[in-house]
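Shared between the two complexes below is chain A, which pairs with chain B and chain C, respectively.
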Partner chain A sequence: MNITLNAVVNGLILGCVYGIAGMTFGVLYRITKVFHISFAAIGTLGAVVAVAVSGTSGSWTAITLGIIAGAAVAAVVTAAAFLALYRPLIRRGASAGITFIASLGAFMVIEAVVAIVAGPDDRKFSVMGFTRQSEVLGLKLSGLHVASLALFVLVAAAISFYFAKTRAGRQTRALIGNPEQAELVGIRVLLISTLMCAAMGGISIVAFAVNGMNSSVTFAGSLPLTLFGVLAMMLGGVDNLVQTGIAGLAVGAVGGLAAAILPGQWSSTIVFALAMVYIVIRPTGGFLRVRAT
Partner chain B sequence: MNEVYLALLIQFAVFAVVALGLDFIVGYTKIFSVNQGLMLALGAFSYSFCVKTLGTTSLITAWAIGIAAACLVSLLIGVISLRVRGDYFVVISFGVQIIGMQAIFNSSSISGGASGAFGLPLPSIFGWTPSSLSQMAILAVIITVALYLATALLVRSPWGRLLRAVGDEESAVEAAGFNVRRMKLVAFVLGGTFAAIAGPLFVGSIGVAQVGDYSLGLSVSLLAMVVMGGAGRLAGGLVGALIFVGVPYVLTYTHLPLTTAAFLQQAIFGALLLLVVLTMPSGLTGGIALGWKNMARRRASHVGTDTTASDDSGRLPTGAQR
Partner chain C sequence: MALRIRARKTLIGAALATSAIVLTACSSTGAEAPASSSAASPSESSAATTQEITIGSTLPLTGTGAAYGKSMLEGLQLGLKDAEGLLKNVKFNLKSMDSQAQAGPAVTEARQLMGQDGAKVVVTAYSAPPMAQLPIAEQYKVPLLNGGGNTPDLAGNTWLFNDAFMVEQGGKAMMTYAHDTLGIKKVSVLIDTNYPQSTAEAFKTIWTDLSGEAPPIEFIAFDATDAGPVLDKLLASNPDALYVAAGGTTLELILTQLEQRSLKIPFLSNDGAVVGTKSASTVSFPIYYANPAKGATQALKDSYKAVYGAEPDFLAVQNYNLGRIIGAAVGKLIEAGKEITGENLQALFNDPSQTFAVDGGDTSFSSRHIAAQDAAVIKVEGGKSTEIATGLKTT
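This part shows the complex of A and B:
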């Protein structure tokens, strides 16, 4: 029983990562209307920078600095992808399929360049004692577990607060709804879109870095992480941040439970299969009656 | 011919067939599916199943099993595509690829698990077994040419033109009373069938079937291959396959470590894909065709200018001279 419960808790912690990836991908998707698959490669780039900057000291300060550096790089690259690739294509009237292919091309180039320049090997964060587990109420928890949960809540609260309570957030909602009309009423659509792309690209590094601390930063792992994030976005409903976050947790928990009951290699199969059935039944996603954000 | 070139020719033939099949889905119905790697794997592992479990190298048996499996999975994906569209379908498509490959990996009696199936012999057809790589290459080329001709006939038939119309203006085709759903399903089944035909040829020629060779990355590269060559164009698949097979070969001359060369190849494919999307939306073949047409038009107008110039040179038109 305890093993199963621990597996679910571990899954929930991983779900925090999926939730953060889902929420940031969701905002990017709503702003750019592009299926930004290069999110995965930019995430790898940010995580690789974070590992390099954080060094081997293993202190929280070094890791925080590393993540900030990775986030800064990811923010710049995401904004550049929007300005130099997606926007020109959208202005030319490119279809969603074409912008997806463009993003796929960017994914291939960014990932390959990072691997060639920095080396293709897996990388490990020097997290020292943060992964050491102690028993709390029969559950094995580590500092990293607590930090993942805290970061998930922080990111969800920050994005929700931005959209609900700030003027810029209301303007962003307006431009997501109708960019032409938003421009007409004086909203600086290009500036806000670019800044939001940079912000979401930067915040997403939290997910990639925490995932890297849980295991390691790998080139093969970024696409599945992104896909689980996107799955959370689809399950929660693309226009609902809160439900996207909850869906991320659910995806992680189901994966953890499946890993405890079935052989490990079936866990992502179960998650994808269940999620796909849900999406086919309810393509718009969403499961609670919560106001869209 | 050198064995290296023969192996390259077989690979070109295999990926040309895969591209021709994928084009039914991506080029004609304009559905971006990332499953062709899985379909190729179904064909490949059906052959390793035939060799290891059934004790036969018959291509026909491997095709029967592989095509049946690919058709079933394609139908499932096709049915999902009718309900979930656009970007959401891409995610579902990624999901099917992951689920399918994990299922194959976990069925170690078929796939050989992590180590894969080794020592696969050249396949036989109608009791004839190629005795050398050159005979295998001839067989692969014959199959590719036959499928190319069949595809050419199909896409130029009324059904093919209708399929293209489904991709361009689905609602108009539906309003005209045609069964769009069935057409999309047939496109998926054709795509799966072509890949399942290519699979046994591929593993039969290299002698190995490993799950790792049919990753998500391969499916992404196959999609890139078709778009690069020119989706919805017969020659597009061939050009895409040529690039797909040719670039890694050219990179062997750089003597880079294998992993670096693989990432360099990925960077080149990605850059080509971006170049195509930004400058030639109809792919390399479409871009070349357009360039050729423009050049011909310019030449024609140039000739026209010359005629005018000679008219303006003082000579009167024939009638006036008279």
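This part shows the complex of A and C:
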């Protein structure tokens, strides 16, 4: 087994999770215009619900139901955050700084409430057989690796298809561009925005659940995952979903490579340092000449 | 008008931030309730002469160390309650705060406990919080008692006393046992960044003295989301065993990802493996870890179980003993007719000849401010823990 190559592949798989987090965070950011940091706490909430509902049987029916339940809760809470917190603040002229503080407040409240109600302990999905690695073509891979890649492709394709090929997607693009004008031409801005927030909040649970299966569901783990997702969004360009996904893969691969060839504790530092350099060079992010989605 | 709008915006932001802080604070102060409710003792009946003594605690009740903080706080609460029962007319008022195992909150909390709340002692844990609290302890002349942090730099500080199994103690006992009894010739070491660089030096010295060969050592960020590449790197050198010094969620992550890699060699650790015992049923490889030899007596196990519904882990026992040490020291000062001050308590703790009654015997702090203990080695396999060696030297 080649340690460096394996670390890069392992990182790419982790990058799928960052990519999903980045794409869903990116859509939420474009719709709400809020740096929605409570994304992390809602992710924890959804993953905690998913573990609780899936139980310890290890059956895929139970795990799928658990993830659907977690996604449903996250969808409702994300939509509620938009309707009850961000929208009223923005309508009353709150600045980006104020809405960020509001989101940070929501993050702390949600995490505290989840910790009080459900307890602060780490949680595990009963999926050990699925995550156990086997050597394939000199690489150590597991079912979770394959599933992560498949889910990444599925989520990226679904979101891209929605924006590019559906009427609702075109309306969403219109309201992202100019909500007032979209309203004037008859687009139901509030309804579409709320539904999109709910959808992205729900889909993001895929990332938190897969991350939880790879390690465990922890309160400390949701913020780093969110930050890697945000990094992917910034590197790929806020308005480009496909490149955000690709940037997520790159972030994971660079992190894996750094951990393999440098002392392990430097991995995240190297990733963020390189990303900052890239953003200084190219503040709007993006790296391919493709049409923004 | 613009000014009013700006003021309103600021107000909204401040209110939201404040409400979040208040809610977070509620989650930490909520831990106080059992202490005050369980604080009733016969000596309190003569309320007129009861002396109230404030004890502070900054334990990790949320975040990466939350699993440990709960045990620590429960042990401390019970220890103080039992200590009250042995003293006449003394009531310990425990003010518990949540350090989140981080230096920043721990410093703010220590300042409040020592400066405003009049705490005579502050019980702390982890490594970064006590080290960051040291200047404040010195400023207010209030001793810190550590019942959880175990890094080498915690020993030998004037205002800090450790009833914790220090990492080099556990490392010495575990590595010696692994080398001499398990026949391990080659070990790889993984340390999380909650431990300072000096931990690597300590392990390197211990293993090199034993085997004549320096072990490969890697650090992993304590908030890492993936341990895979570091584990693969360490396992690639084909060690006979993997020694891990990590705690909380990082240890959970490492154990989970080692299981994913079907680890075939023994997993060695020191007391950070408390989580290992909890998750041992989910791993198929054997875990060996060093623990303080002196566990809980049956009486403590029974009383702890009666209050909290489970037997105490060793962190609960250590913090129970801290409560008893505080009680014993307060009793000594009362007996000597001295005022209960942080300075007088520190003088008692600082004297190695002073012994303090704890669960199952007496203890004292060494010249390096460690309540010295021999070690035991525990083997965990198939979800079952067995003590396989005791009385191992830790220095």
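Criterion: the second predicted complex is superposed on the first by the 291 of 293 C-alpha atoms of A that agree within 3 Å, B and C clash if a C-alpha of one lies under 4 Å from a C-alpha of the other, contacts with A are read in each partner's own complex, and residues count from 1 in each chain.
One rule holds for everything that comes next: contacts are C-beta pairs under 8 Å (C-beta built on N, C-alpha and C of every residue); 3 or more make two chains touch, one makes a residue touch a chain.
All of these numbers come straight from a predicted model, not from anything done at the bench.
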Chain A superposed: clash or fit between chain B and chain C?
clash
Residue contacts with chain A in the superposition, chain B compared against chain C:
C
Tell me the contact category for A:Gly97 with respect to chain B and chain C: first, second, both or neither.
both
Of the two partner chains, chain B (first) and chain C (second), which one does A:Asn214 touch, if any: first, second, both, or neither?
second
So in the superposed three-chain picture, is A:Pro224 touching just chain B, just chain C, both, or none of them (first/second/both/neither)?
both
Which partner does A:Gln265 contact after superposing on A: first (chain B), second (chain C), both, neither?
both
Is A:Ile116 touching anything from chain B or chain C once the two structures are fitted on A? First, second, both or neither.
both
Please indicate which partner A:Gly256 is in contact with in the superposed arrangement: first for chain B, second for chain C, both, or neither.
second
By the touch definition at the top of the document, which applies to A:Leu89: first (chain B), second (chain C), both, or neither?
both
Given the touch rule stated above, what does A:Gly105 touch, chain B (first), chain C (second), both, or neither?
both
So, does A:Phe35 touch the first partner chain B, the second partner chain C, both, or neither?
first
Could you tell me which of 44-52, 134-142, 170-178 or 368-376 in chain C overlaps chain B after superposing the two complexes on chain A?
134-142
Indicate the residue numbers of chain A shared between its chain B interface and its chain C interface, in ascending order.
89, 94, 97-98, 101-102, 104-109, 111-113, 115-116, 120, 224, 263, 265, 268
Going by the contact rule at the top, pick out the chain B residues touching chain A in the complex.
30, 32, 80, 83-84, 86-88, 90-92, 94-96, 98-99, 102-103, 105-106, 216, 220, 223-224, 227, 259-260, 263-264, 266-267, 269-274, 277-278, 281
Please give the residue numbers of chain A that touch chain C in the complex, ascending.
1, 3, 6-7, 10-11, 14, 89, 92-95, 97-98, 101-102, 104-109, 111-113, 115-116, 120-122, 124, 128, 131-133, 140, 142, 211, 214-216, 218-221, 224-225, 228, 255-256, 259-260, 263-265, 267-268
Interface with chain B, chain A side, in the complex: residues 29, 35, 37, 85, 88-89, 94, 96-98, 100-102, 104-113, 115-116, 120, 223-224, 227, 230-231, 234, 263, 265-266, 268-269, 272-273, 275-276, 279-280, 283
Under the stated contact criterion, what part of chain C meets chain A in this complex?
5, 8-9, 12-13, 16-17, 19-21, 23-24, 26-27, 30, 61-64, 66-67, 70, 193, 218-221, 223-230, 232-233, 236, 248-249, 252-253, 256-257, 259-262, 279, 282
